[in-house]
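Same chain, two partners: chain A is paired with chain B first, then with chain C.
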Partner chain A sequence: MKLLVINKTLTYLLFAILLAAPWIIPVIGDPFWMSVLSEILIWSCFAASINFLFGYVGLLSFGQALYFGFGMYGVALGLTVLGLGFWGSFLFGVSASGLMALITGALAVRLTWHYFAIITVVFSLIFYFIALTIKPITGGDDGINFAAPEILKLGDLTLTIADPTTQYFFILAVVTLLFFVFKRLVSSPLGKSLMAVRDNETRAALIGLNVYRLKLTAFVISGIFAGISGALFALFGRYASVSYMFYHVSGEGVVWAILGGAGTLAGPFIGTALFILIREVISSYWQHYALIVGAIAILVVIYAPKGIVGMWNQILLKKSEGDKK
Partner chain B sequence: MSAAPYLQINNVTKAFGGLLAVNDVSLSFKPGGINAIIGPNGAGKTTLFNLITGFIQSDSGSIKFEGEDITSLKPFEISRIGIKRTLQIKSIFPSMTTYDNLWVTANAHTKNLHPFADVSKFTGIDDRVSAIIDKLNLERIAHLQAGSLSYGDVAVLEIGMAMIAEPKLILFDEPVCGMSPAETEKVVEKIIELSKEVHVVIIEHDMKVVFKMADHITVMAFGKVFAAGTPEEISRNAGVKEIYFGSDELELS
Partner chain C sequence: MSSTIAVLAINGLVFGLIIALIALGLSIIFGLLDVINLAHGDFFMVGTVLTYVIFTVSGVFWPAFILVPLIGFLLGALIQKLVMERLRNAAELSIVATFGLSMIIQEVVRMTFGAAPKRLVSPIQGTFDLLGVEYDIYRIVAALISAAAITCFFLFLNKTKLGTWMRAVRHDRNSATALGIPTQSIFWITFGLGFAMATLGGIVAAPITTVDFRAGVDILPFCFMAVIIGGLGNLPGTAAAAVLLSFLEGVISGFTDPTIARIFSLVLMSAVLLFRPQGLFKGLAK
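On to the complex of A and B.
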């Protein structure tokens, strides 16, 4: 129980820091860190999408960049071609990624383990190359640029992501909501049933669970999470590019999720934050920062197979057991 | 013998490549007492269970449960009808606690997949879980991870999972395999008790257990039904001894 209290306190503390960040960061450092923080928030949703599938359903997807890309292009095309406005485009992008996850997932979740991992990569590669070829629509590697749209217009009040603080709070609100929904999902009957599938598919079927439909549901939810992060990233960068649909983006997400701690709520956030910070801090001194990322990845996998948050929970658990004795 | 059979297997055949694992088997199980299936390794007993529970599809023939054709249903659909099963290699959800194992099982039966409400909101399911925990004396392991339990405890948990969701028929595949004598006795007692409420069919190798529990025995060999009858009849059947221990006359080739 102590473990829960400590982690809950830390979560609130983190949230308080995130809320106060627009005022703290300019005082202690360069405002450039605000955009790093925004990036961390956005990519942590992407890692959460991978974590939902791998940590709670046992499906390791190496193709989540596909749904990230659909979210991204949904927003870009919604704004530039379809004229859907801010919320319309956002919804369009997220629905597009959900729909794509439904179509590809219907085939992919029939497979298990490495076959599943491979087919997710294949799907993402197919659509990556398709997106590259239809350059008139996607802009290829150059991508599509667009101007910052208005979030809301109420009389004299205009909210737009052109204002950095408004943009930050918009991102923070969406990401917080996503993690809140994530938490509700994994502690619901649906979440427990998904964990049953992760633990033992045969037994899950024997107790009357429709394993295929459960996996597909999880795949679509995960696709939507990835789509939300893609949509946010498009709005944040004011552009969409095919390069974000490439599978190394998926791979990076897998690393963040697993090293942060798959199967934990905070894991993806911690993993993403750590690795983006390493990249930002070290890449300005040394261009081979990826070597350090690799070294950390190897160390974590060997010494903390449950990831950083998993290790933290174990330490707390041991401590509280020691206190009892 | 007037009661109608609850499970009817009609001319079911299943081949794996050239091997006829189950060869034109017809069986019917009638209510009242425990039905046991015995036979040497490779006789097709577990394959028969796999066919009944939908894990493999038969090449021909049909299976009916309480008059309903279940031949081509999927495993989860068969489970929802009320046919539950334990596996030869004990099968539970290892990373969950005993309590949660029972919880998801009871919850699956209600087809509840609410995506947002917390699990603690569904008190009806908690009541069901508590009842089973009381009945099987699982209190001491209720909040331990199922993967860390002793073999005997896992077996009892698996039985609990078969019991919790209003079963009509429970298929036990070697329920006491690998157990200590004390554990065996405990499990046998549970199954006998259970058979007063639901139909029970067991596959078992331990003859002591079979003859203690069963009211009707089916002997399988080489994918076929070799003999069937009361324990008395089977123990007198010379052919049954032969398929278990081989013929007295040595065949030299």
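On to the complex of A and C.
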């Protein structure tokens, strides 16, 4: 079988499993795994936002937690203070992170490589500390809590995320849409131009591409992705906390994206799923699971520097070449 | 009020010298190995923890100054040999590897040393009158030790054969190898030295901060700020920036919240990155 066919089949299979999960999981195990699955879906959007910048434009952002935090607080404040309702707050959170990405990105994308990675952390730290000082609004590390809002009310029919299955399908729908948009973006002319910038910035500029504007566009799209994951996470946990804006959150996202396979569509999902599953499985037996997570991170960068999906594709490619001979 | 600000400013200077020591370690690892070391704060934390252990086991503080940097050097050399050497020329992978390393170090310390923050009794008790405020003698000693260590580091780098080799490898790896410098050994020596300097900062700081497995997380951004504001690869600039930043933060925190002082430093750092990416102290670069 061809590489593409195998990967496509696997993607459909994965999607079918995700769709059927609310019925499979209660049969084979604890319903607690449903919320783990939701968490994997949400954080894989976050990893995807890092992957979009790093894997397709070559910019390593270490400050995506900032836009995650804006999405998160946009939802929390939209619901509690502004009374915007479910969709209003969601939109508010995502636009806030997009706007923030536009403002910070306008400065950050002027810089390259090391400097870019560092200024993104610095920006996220600045807002982390600001959020800590305005405790009356953000609630500081303790955060702010809110009740589960209604998604939709049509006569007798009320959809609310208080129902776990509805919540799961809402998250699955948003995440699927996001990955679909991601795929379309990457294969669009914009995506091709971004990859041209990644491969050789000077050449891209010489063939008439506006490198600055392309990078800024990618930065804003990536910020919106991170904002969506933050908004989803706020709705999922019914709370927002400054601690999710710290650089460690960005760091974890970078690790998931690179270990899963930067520059691949499935990489961030696989990386995130692997790490969250390891955390959940091991932490119930042994509290020092961070040791194993750290060790895996190191082993993967040594033995599979292209990430898990990158390694998988290489194996498939070798196999199919072997078949031809 | 004015004496409070003076004390905060002097506190800033003391911490600045300690940070300078740690940041110099970060800077040589970055400049020579092209590794963005996210575990550097944890190297500092390992220094404070080892000092605490030595002090509580033996009852004396000063042997830590020989033992701890030695352990740090060996650990650093080991990390370079086992991990970093296998992912050379891939700085983004070094970020992931050192992030993993940071998780492992913190978890090992939490397992063995415990999660509760501890305090170390100052090895030099007593205070003296500083502008009407009782000031710890140990803090002044800490500043002097750090200043001496920084001086020794620059003497080593500029006056010894090994130091010259390190500068040569940083300047041009290929030419250095062609001239017969054992580049591979310089790599692990550098990582070991960087680790040792962070632990040295840890020993000096142990009696004036809390000994906690998370201590590295707070100190890492500060070290990066010093390295950036001083100019990447500019070692005297890094030291100067660490002292200047910490001094300014000390003074500003005399007027407002320390968090606002930290925001000020971060904004300064963004301005430097955007408008003077070669750092504030270009004249100091060699």
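Going forward, the second predicted complex is superposed on the first by the 324 of 325 C-alpha atoms of A that agree within 3 Å, B and C clash if a C-alpha of one lies under 4 Å from a C-alpha of the other, contacts with A are read in each partner's own complex, and residues count from 1 in each chain.
We take it that a contact is a pair of C-beta atoms (placed from the backbone, for glycine too) under 8 Å apart; a residue touches a chain by one contact, two chains touch by 3 or more.
Here the structure is a predicted model, which means the values were calculated and not measured.
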(request) In the overlay, answer first, second, both or neither for which of chain B and chain C A:Trp312 touches. (result) neither
(request) Using the touch definition from the top, say if A:Tyr168 reaches chain B (first), chain C (second), both or neither. (result) neither
(request) Compare chain B and chain C by how many residues of chain A each one touches, and report the one with more. (result) C
(message) By the touch definition at the top of the document, which applies to A:Phe52: first (chain B), second (chain C), both, or neither?
(response) neither
(request) Give one of first, second, both or neither to describe whether A:Phe92 is in contact with chain B, with chain C, with both, or with none. (result) neither
(request) Examine A:Ala295 and indicate which partner it touches, taking first as chain B and second as chain C; both and neither are also allowed. (result) second
(request) Could you say whether A:Leu259 touches chain B, chain C, both of them, or neither, answering first, second, both or neither? (result) second
(request) Check whether A:Ile130 is in contact with chain B, with chain C, with both or with neither, and answer first, second, both or neither. (result) second
(request) For chain A, give the residues common to its interface with chain B and its interface with chain C. (result) none
(request) Please name which positions on chain B make contact with chain A in the complex. (result) 53, 55, 74-76, 79-80, 84-85, 87, 91-96, 100, 103-105, 107-109, 111-119, 122, 161, 165
(message) So in the complex, the part of chain A that touches chain C is made up of which residues?
(response) 54, 60, 62, 107, 110-111, 113-115, 117-119, 121-123, 125-126, 129-130, 132-133, 247-248, 251, 254-255, 258-259, 288, 290-291, 293-298, 300-302, 305
(request) Would you pull the chain C residues touching chain A in the complex into a rising list? (result) 36, 38, 83, 86-87, 90-93, 95-97, 99-104, 106-108, 110-111, 217, 221, 224-225, 228, 232, 257, 259-260, 262-263, 266-267, 269-270, 273-274, 277
(message) Using the touch definition from the top, list the residues of chain A that touch chain B in their complex.
(response) 181, 184-185, 187-193, 195-196, 198-200, 202-211, 214
